[in-house]
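Order of writing sets the chain letters: A, B and C. Residues in each chain are counted from 1.
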Amino acid sequence: MGAAQSFRELCDRTKNTNVRLSLPAVCIVWQTAMIILFGVFIRYNEESDTHWVEYRKENNLSDIQNDFYFRYPSFQDVHVMIFVGFGFLMTFLQRYSFGAVGFNFLIAAFGLQWALLMQGWFHSLDYTDGKIKIGVENLINADFCVAGCLIAYGAVLGKVSPVQLLVLTLFGITLFAVEEYIILDLIHAKDAGGSMVIHTFGGYYGLSISWMLYRPNLDQSNRLQSSVYHSDVFAMIGTLFLWMFWPSFNSAITDHGDGQHRAAINTYLALASTVLTTVAVSSLFQKHGKLDMVHIQNSTLAGGVAVGTAAEFMLMPYGSLIVGFCCGIISTLGYIFLTPFMEKYLKIQDTCGIHNLHAMPGVIGGIVGAITAAAATESVYGAEGLRNTFDFEGEFADRSTSKQGGHQAAGLCVAICFGVGGGILVGFILRLPIWGDPADDNCFNDEPYWEPTTEECQNQQPSLSLHGQTTKMIALSQSM
Amino acid sequence: MGAAQSFRELCDRTKNTNVRLSLPAVCIVWQTAMIILFGVFIRYNEESDTHWVEYRKENNLSDIQNDFYFRYPSFQDVHVMIFVGFGFLMTFLQRYSFGAVGFNFLIAAFGLQWALLMQGWFHSLDYTDGKIKIGVENLINADFCVAGCLIAYGAVLGKVSPVQLLVLTLFGITLFAVEEYIILDLIHAKDAGGSMVIHTFGGYYGLSISWMLYRPNLDQSNRLQSSVYHSDVFAMIGTLFLWMFWPSFNSAITDHGDGQHRAAINTYLALASTVLTTVAVSSLFQKHGKLDMVHIQNSTLAGGVAVGTAAEFMLMPYGSLIVGFCCGIISTLGYIFLTPFMEKYLKIQDTCGIHNLHAMPGVIGGIVGAITAAAATESVYGAEGLRNTFDFEGEFADRSTSKQGGHQAAGLCVAICFGVGGGILVGFILRLPIWGDPADDNCFNDEPYWEPTTEECQNQQPSLSLHGQTTKMIALSQSM
Amino acid sequence: MGAAQSFRELCDRTKNTNVRLSLPAVCIVWQTAMIILFGVFIRYNEESDTHWVEYRKENNLSDIQNDFYFRYPSFQDVHVMIFVGFGFLMTFLQRYSFGAVGFNFLIAAFGLQWALLMQGWFHSLDYTDGKIKIGVENLINADFCVAGCLIAYGAVLGKVSPVQLLVLTLFGITLFAVEEYIILDLIHAKDAGGSMVIHTFGGYYGLSISWMLYRPNLDQSNRLQSSVYHSDVFAMIGTLFLWMFWPSFNSAITDHGDGQHRAAINTYLALASTVLTTVAVSSLFQKHGKLDMVHIQNSTLAGGVAVGTAAEFMLMPYGSLIVGFCCGIISTLGYIFLTPFMEKYLKIQDTCGIHNLHAMPGVIGGIVGAITAAAATESVYGAEGLRNTFDFEGEFADRSTSKQGGHQAAGLCVAICFGVGGGILVGFILRLPIWGDPADDNCFNDEPYWEPTTEECQNQQPSLSLHGQTTKMIALSQSM
């Protein structure tokens, strides 16, 4: 009885999650719009255009000095972080791996096209012909822009429909581009690894949306809101690729030469330090000192987030270690104490704990960046090095490092405001009852949006397998 | 009773799949032959030889201008696509993961050595001393060559023995090298990403072989010809690494500078566009608009195949998006309608649906390449750029772009002919009863060629687990 | 009864594996010490310092000639090998995936910081200011240094506590740095890929420790000392990333230009050849010629180890194939015959068979290197090439290649001595009863050191589930 009934319920439920019209419509319309806009606005820049061969000779350059060779390896590492890193990191839930990897894939492919346009209008517009000229650096920035939305996805993982995710991404990219323009161009703050622009914004954007979409009865899905042995191993694939390639992430768009070199070293060291303090705190607060996979999967990455802004500064190797040291502790404590507190009292349900992995470390990163910038001196950087590192040129030629520090802090505030404000706005839109989101007792489940796999009916789904076997049993008992 | 019996049958079956003599014999003989041939023919080229240090000074070059630094990062990405990308993409079957990853590994390691020789004789032979001089570009081309055979493997996945796969590879590499020489050197068609040379050839080669090896009673293996939850997640590892690194694949051997830069951008955009249309069509044709993992795993890659030939041309960003847009739709529709049709009426059993992922998109890519080439103008490319992009030098100095378009089309035809013709020939050879291929009711199963793992006997085998469940059921009935 | 009792035992057991105080203490103290030491000693070198912009102009260099662009792509590949390669290679055990990936992660992050200091004091100390100046090459060397300890971990996998692993690493890194200094600087042996310095040392270091920690009653854990289907697929992720990136490993710190180029080619070829002979021997010695996953996962990598020392020499392509050919055979035979023999008669329990994958191939690599060096001639290398390849400069300007061959052999002996001697010493320390290592019947089990996941108690653990079934059986018989 119970089995059959629960099975019927399971099917009924899929009714209200039908996205058969909305999802294809959004995708096709959107992609068509992209083709038109790309046709009107986007062209190759002088380094990816066939005229490079002439350009190169005029400027007496070698092919190897094409920006492609400075940035492409880092780009590919960033690309892996976006699609495999973020995707697999979210596969820890026992029955939401398709959604984690698949929707992550969809969001990223959807967002990066819009990001190329939005960021292009702000940063790569050629006023001579009104076209956006793109090269490998634009691809990296598009991936960065998408990262903000993937971070936000982590907060609502398993509780929203793919259509909602596309809306979240559309607005997220737009807000990101504006916020980035204000912080980097108007305020002229530096943010190589995007501690502020990407992680702080993305984190608070997702948390605000999750707060707007609060589900009081989410506990009905509790049996699925946990990991199983294999899903935790899959998640480690994401963790490790994020951890390993983070130095490329923070150095991907920094200055050629020492800028990229230094950013990679600082990130490498901060991450190493984070691993040890994460393990320490995780063990210290568990019964028998056992390690918790949730901490190993997430908090070990906090150092990379927090060193993002200052990565290209003369943070010094020991400075990087200190940043990582603190973030490992703070992030792990966040998972142990803050996440439950936020869910219970602030009504913020944060599936992946992005507050501990992105929001908090992002803010720390912004502060570290402000302090490091304010403390910068010519004696350490060298006159040219200082100018070069902080781009004290043109209208900013006479800016002092202390002033720069203040502007860094201002940038951090802008990121937080855009994140919170934008999240509340978008969250409000996503509460409309038209998006086909799952019922409270059907969250963290691939069943509503993905065709089931064979085994599904036999071994995996408790109720079903029970049901399926029963019939077999009867046959068996008869054969006895 | 039944359980025990079915188990005994399972064991008996392994009899006719014994490759204990043939497999080691082929491997050892082959590898020995390779050592001898490499000893006679293969040497380092001037960039990988210790004389580089003198060569460099004579030509006033810097170490960084060694081709290694132009191509090695792309090479490593391609390498990952070949071994992890293709390997894991095929792990979607519930009980054929060892065969998918392991035989993919064997084919690739086996094929790339033969490819270095075959391609070397055609392209890198130094007539002064009759030696083949190899460098990093040869390694990339060897990987490309192997890709053709791995594509073919996708069509016969789970239905052949490792020995058959080695034969398939031996002939496949040979045919590939000849076909490539005709298309690239004699016809002088351009094919940066190998839409024609790799994907069209490999696709039809595999389909023809599968047609020759048609199994009327394959439905006896149906219970295994499907995925389970975990196997689909494993397959996504392959999908994502192929998707992410495809820009490196299409730009790996293009011209230094703008050629590599542009090819990467075009591929990046085409793939992004494909993801959206794939999701749209997959959702549109499923009940309740649920997404099908098969489409997400495969069709999302079609854009990378189709943009291969034109990737280095001035396809324009919007052009790339259009190519991706169409391929996502066509490829997904292929999985929904064409694959079942081909199996039922054309007697072509295509395990991985390579016709939708490689053959069709490959042909589209060839056509797109022909059109783009024919439409090329000096006003867009610049005089030098045009000459440079299409290598209008030497005997081809006076070739017009429209003529080039025609030759591109001719190249496509050659690829199809070699694929179909070669496949029928090799398929005929593979039908000989000496290769130890599995019985119809033992396909898509690792059991015939791989030592079983522990759990095997306890939890996995239906019969046994069935037994275990029995008790649960009764207990249940009692509790009711 | 039995079920409940065995379960209680399972819980009791965790008592003696409580690391709640020791693990956090070691991590925090250690990381704090690192911060202090880095503060005192470590600074950026001229290529990662902001003064690069001046340095560059003085030396008339382009940004692209910053060492970062020569080595960073290889560094990232090596980084992946260390964290994903070694980590996942060890996930083959059915219930030790968390420990394999997680402790590998901990050891590496812990060790690379100490390695930067130890290696820095020996190789990168700037005597003008007493500071260690680091750049990307130091990061690569730190990863290399860590590799030695991860190899050692393979021998004791599943039998030690995380605290023991940290001790193993602390001493391992120290010994490594000294041994490396003696071999590379004092003896002036060349060892690009570390066949001697990394693999021989690491292999014998681990084996000696395992010998000191011999567990006579380990068979009590036998039910867990085996793989399951999924865990073998996870392990293949490690195998493939190691295999694919090994050319980067062997070429990461070789000379710019032809050195890196040649090392990559040689490694690529050796590895391809190893795959075929591994498959051949694996099939030849199994019933029905079935392949054993253990061999495919490990022996296929032996060629990369064995070609490490000679990778940068003029080994010639066919030479690389021969090295790979032999190692595939020897390594696989080692797994079939030697490992059982060593456990039974030498009391060396080698969980991952590192003797077959690292120790033996490492020794072969050292010998190949000695022979290749002794056989080097100016006619093959060119006068400048010879000097350049073997660094016959300064005090070594007049060293003959035959003399170099002898010194290579001497280097190999040093590596073995340090490995065996250091292992016995450290093994003695690890036998102290204070480290919280698991009981004999609780080895190869994540349960003592990791918080359980949901499913844990229900489906996964054989013994329990097995037991569970029994009781249900009784219920069945009664109900009839």
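Just so it is clear, contacts are C-beta pairs under 8 Å (C-beta built on N, C-alpha and C of every residue); 3 or more make two chains touch, one makes a residue touch a chain.
Keep in mind that this is a model prediction, so the values were computed, not measured.
Judged by the touch criterion defined above, the protein chains are all mutually in contact, each touching every other.
Where the sister copies chain A and chain C meet, the same residue numbers recur on both sides for under half of the interface positions. Chains compared, chain A against chain B: the Cα-based superposition rotates one onto the other by 120 degrees, nearest 5. With centres defined as mean CA coordinates, chain C is found 32 Å away from chain A. Along chain A, residues 62, 64, 69, 73, 230, 237 each make contact with two or more other chains. Those residues of chain A that touch chain C in the complex are listed here as 62, 64-65, 69-70, 73-74, 77, 94, 226-230, 232-233, 236-237, 240-241, 243-245, 247-248, 256-258, 260-262, 264-265, 268-269, 271-277, 279-281, 283-284, 286, 288-293, 296, 300, 314, 316-318, 321-322, 325, 380-382, 384-386, 388-389.
Every residue of chain A that touches chain B in the complex is listed here, in rising order: 1, 14-15, 17-24, 27-28, 30-32, 34-36, 38-39, 42-44, 47-54, 56, 62-64, 66-69, 72-73, 76, 79-80, 83-84, 87-88, 91, 95, 97-98, 101-102, 105-106, 109-110, 112-113, 134-136, 139, 162, 230, 234, 237, 448-451, 453-456, 459-460, 466, 469-470, 472-473, 476-477, 479.
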